[in-house]
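Order of writing sets the labels: A, B, C and D. Residues in every chain begin at 1.
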Amino acid sequence: MAHQKPLAIVAGAGAGLGQSLLHRFEQGGFAVVGLGRTAPSAPVGEFHTLDLADETAVQGKLAQIIKTHGAPKIVIHNTAELVIAPLGDTTLDDFTRSWTSMVQTAFLLGQATLGPMTTAGGGAFIVSGATASLRGGAKFAAFASAKFALRGLTQSMAREYQSQGVHVCHAILDGIIDTDRSRDLHSLDPAKMMKPADIAEAYWQLVHQPKSTWTHELDLRPASEGF
Amino acid sequence: MAHQKPLAIVAGAGAGLGQSLLHRFEQGGFAVVGLGRTAPSAPVGEFHTLDLADETAVQGKLAQIIKTHGAPKIVIHNTAELVIAPLGDTTLDDFTRSWTSMVQTAFLLGQATLGPMTTAGGGAFIVSGATASLRGGAKFAAFASAKFALRGLTQSMAREYQSQGVHVCHAILDGIIDTDRSRDLHSLDPAKMMKPADIAEAYWQLVHQPKSTWTHELDLRPASEGF
Amino acid sequence: MAHQKPLAIVAGAGAGLGQSLLHRFEQGGFAVVGLGRTAPSAPVGEFHTLDLADETAVQGKLAQIIKTHGAPKIVIHNTAELVIAPLGDTTLDDFTRSWTSMVQTAFLLGQATLGPMTTAGGGAFIVSGATASLRGGAKFAAFASAKFALRGLTQSMAREYQSQGVHVCHAILDGIIDTDRSRDLHSLDPAKMMKPADIAEAYWQLVHQPKSTWTHELDLRPASEGF
Amino acid sequence: MAHQKPLAIVAGAGAGLGQSLLHRFEQGGFAVVGLGRTAPSAPVGEFHTLDLADETAVQGKLAQIIKTHGAPKIVIHNTAELVIAPLGDTTLDDFTRSWTSMVQTAFLLGQATLGPMTTAGGGAFIVSGATASLRGGAKFAAFASAKFALRGLTQSMAREYQSQGVHVCHAILDGIIDTDRSRDLHSLDPAKMMKPADIAEAYWQLVHQPKSTWTHELDLRPASEGF
């Protein structure tokens, strides 16, 4: 597989941040593969539609991608499932789906890629967190519980795989990401939202940190955001 | 239901800490109900066998218990499912079961009891955490991820229910609990293990904290334990 | 010194919480000694006026107290110095005094008592923290910086002395304490303030925790307090 | 002052990281000014010898620098004073000097620069933390207490100045920095040390983060470092 471009995979690559990430890595010389439930209208690079929580589907699809492109150099987990509701109004399905969509998917993605990455000489695995990764608020039982779980999983991955050459990073996105959907949902001035391209640049820098200065966790928020 | 004893429920009340908790509250004048997959040989108080992750079973059983005893004054979540394995050797079933056993059960228990407790004038809901609630270690992907999730859920419950009179507390048990099983599994001197009766006393004190000084989170560890 | 009462020392024992702590320990059978810059009008137990930041004064006074009563069983650090001001309006004197009053005093108190306590068989050393121990806010540069410092110092003490038998605990008081001064300063309903007697009871419980379940850190806040 | 180069100031700019930071910013087109007690043999850019804990000296020197160069765009606080000793062997002078050298200096530096920076349109203020910023270990009473204090101060600065355009960042350097002095003191393989040039690059990236994605805190550690 000499002369092949290095591979970057983004799981949760629908419209918004996922596509911006793929765009940044493609621009930087990577072969890029997006994964997700629904393909965006004009996806950057390859896009594979699959249920990222389906073990068989994930194993099969990742094996096929690795066969084609070699082991990924970069893997980014970026799935989202936002439930905001009082505990009493949160259904078991809401609660389970939040976890399955954001945590089970990261577990399966890690299992399918971290081994091949270490064998191929290392790389970087980034997970997108949120304010709720550190703080469980009222009405956030489902979301915060899942984001906490994802952080615990990511720390465990870091402590297992960093010594084997894979940089594992948890990025806490503390703000509203500027997407078409956000502009519909929120009255917030878009100037106070996080720009997907800026987040993508931050991820680009993280995965290129030299081995003497790896970041495991950082927060990213708009200058205007209280914290 | 005048003159009835106040009710304490312990979910995850098999041998060990669960039974010690029931014993402490029975001694303190409570009617006590233990819940769990397997009844211990000589349970303290009432014991109901059920799958605490089964929504219908939990709703049905708790409704029945509340009908008999009134809303609980004290609810303790204490289920445990310990998986220690490298990420690559952790099956999806291990990973899912850890979460279902420790987090889904707390979600269902909270939903079935917190509403009735607020209506009945308040009470206390305690969740048993662990070292892994704060730190994800190598080989702890399943356990730490679930314990993080449980902590996030508990914080959300506190921020939703404390203003309605239910004290929600997360106790971080940072050490090995002295049970028959621990003595079999670990070579640690039992003098350095946490005594179930001592933990039960700490929980007893927590649920009796006056409204001006509620603790949301505390750690408990043997004097000999490094941290 | 057979048959002597055990000794409890409270540093920062002016009106309010300090006196309530002394009262609780006196009630519990302790000889109690209060230390501080200004004696309250009718102090509980012995009171010694001294500058707790003065090394010579602290060493001399504690040596004298230990000569009279034996090594303390309980030591509580409870000095307070609240500066609230924008960074630009905080004088170097404000900033230094905050640290000297809350951190240097704890350092000197620890040095003068922890050694004798370990020699005499152990005991407990409690430090009063605040919301600002965990979070630096605008206008809290002086106070938060000092409270963070105090927390770091207390952790270091715990990790050095717990294995030698002294339980070291950091209590985060997250709310306004109900004192005459608070009622003058704040418009908050006193029913939403922390009662000094309730905090004293919590400290009483902490110092009596059995060796299998020591708490290093806990928060205490009114049920009505958001967090 | 049109056409002037933007100014970067590093306080604590002796040999090692300080000089690497100045080098990186000079390379990037900045006028660079180093401040410290002792000038290195061949300093990068301007170097001013002063006691950074001396209020009058700091105010005077910074006023002079700002008069010459305009308000700084970038200010980095990087002073270090490492005391490792059991509490009983730590002198009050050790304890005080740790705080004065690392915290009082940051307070004075912030006061002398943050106002002019906001007036001049913003910039970035970075503070170098350490493992001990988050964890107080045995023998680290002086160092951890000061590093905790510095973190609390930095958070307070961020919450006061970010809305006014100054990005305030706390970088946790979790590892041994590769300097001549480290190589003398530690037996650690230099390949496992943090390279000053790599840290400088990370700081360079931080101060250039766009306003939609500011990091307040991140950790940096060698891939080989356990955590």
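By definition in this document, a contact is a pair of C-beta atoms (placed from the backbone, for glycine too) under 8 Å apart; a residue touches a chain by one contact, two chains touch by 3 or more.
Predicted, not measured: the structure shown is a model, and the values here were computed from it.
Novice: In the chain contact graph, what is the shortest path length, in steps, from subunit A to subunit C?
Specialist: 2
Novice: Could you check if the interface between copies subunit A and subunit B is built from the same residues on both sides, meaning over half shared, or from different ones?
Specialist: Same: when the shared numbers are divided by all numbers used, the fraction is over half.
Novice: Tally the contacting C-beta pairs at the A-D interface and at the C-D interface, and name the larger one.
Specialist: C-D
Novice: Report the inter-chain centroid distance for subunit B and subunit D in whole angstrom, where each centroid is the mean of the CA atoms.
Specialist: About 45 Å separates the centre of subunit B from that of subunit D.
Novice: How many angstrom between the C-alpha centroids of subunit D and subunit C?
Specialist: About 32 Å separates the centre of subunit C from that of subunit D.
Novice: For subunit B, which residues are shared contacts with two or more other chains?
Specialist: Residues 158-159 of subunit B each touch two or more of the other chains.
Novice: Considering only which chains touch which, label the overall pattern as line, ring, star, complete or other.
Specialist: ring
Novice: Using the touch rule from the top of the page, what pairs of chains touch, sorted by label?
Specialist: A-B, A-D, B-C, C-D
Novice: For the complex, which residues does subunit B have touching subunit C?
Specialist: Against subunit C, subunit B makes touches at 158-159, 162-163, 165, 167, 175, 178, 193-195, 198-199, 201-202, 205, 209-224, 226-227.
Novice: List the residues on subunit A that touch subunit B in their complex, please.
Specialist: Residue positions touching the partner: 55, 86-88, 90, 92, 95-96, 99, 103-104, 107-108, 110-111, 114-115, 132, 135-141, 144-161.
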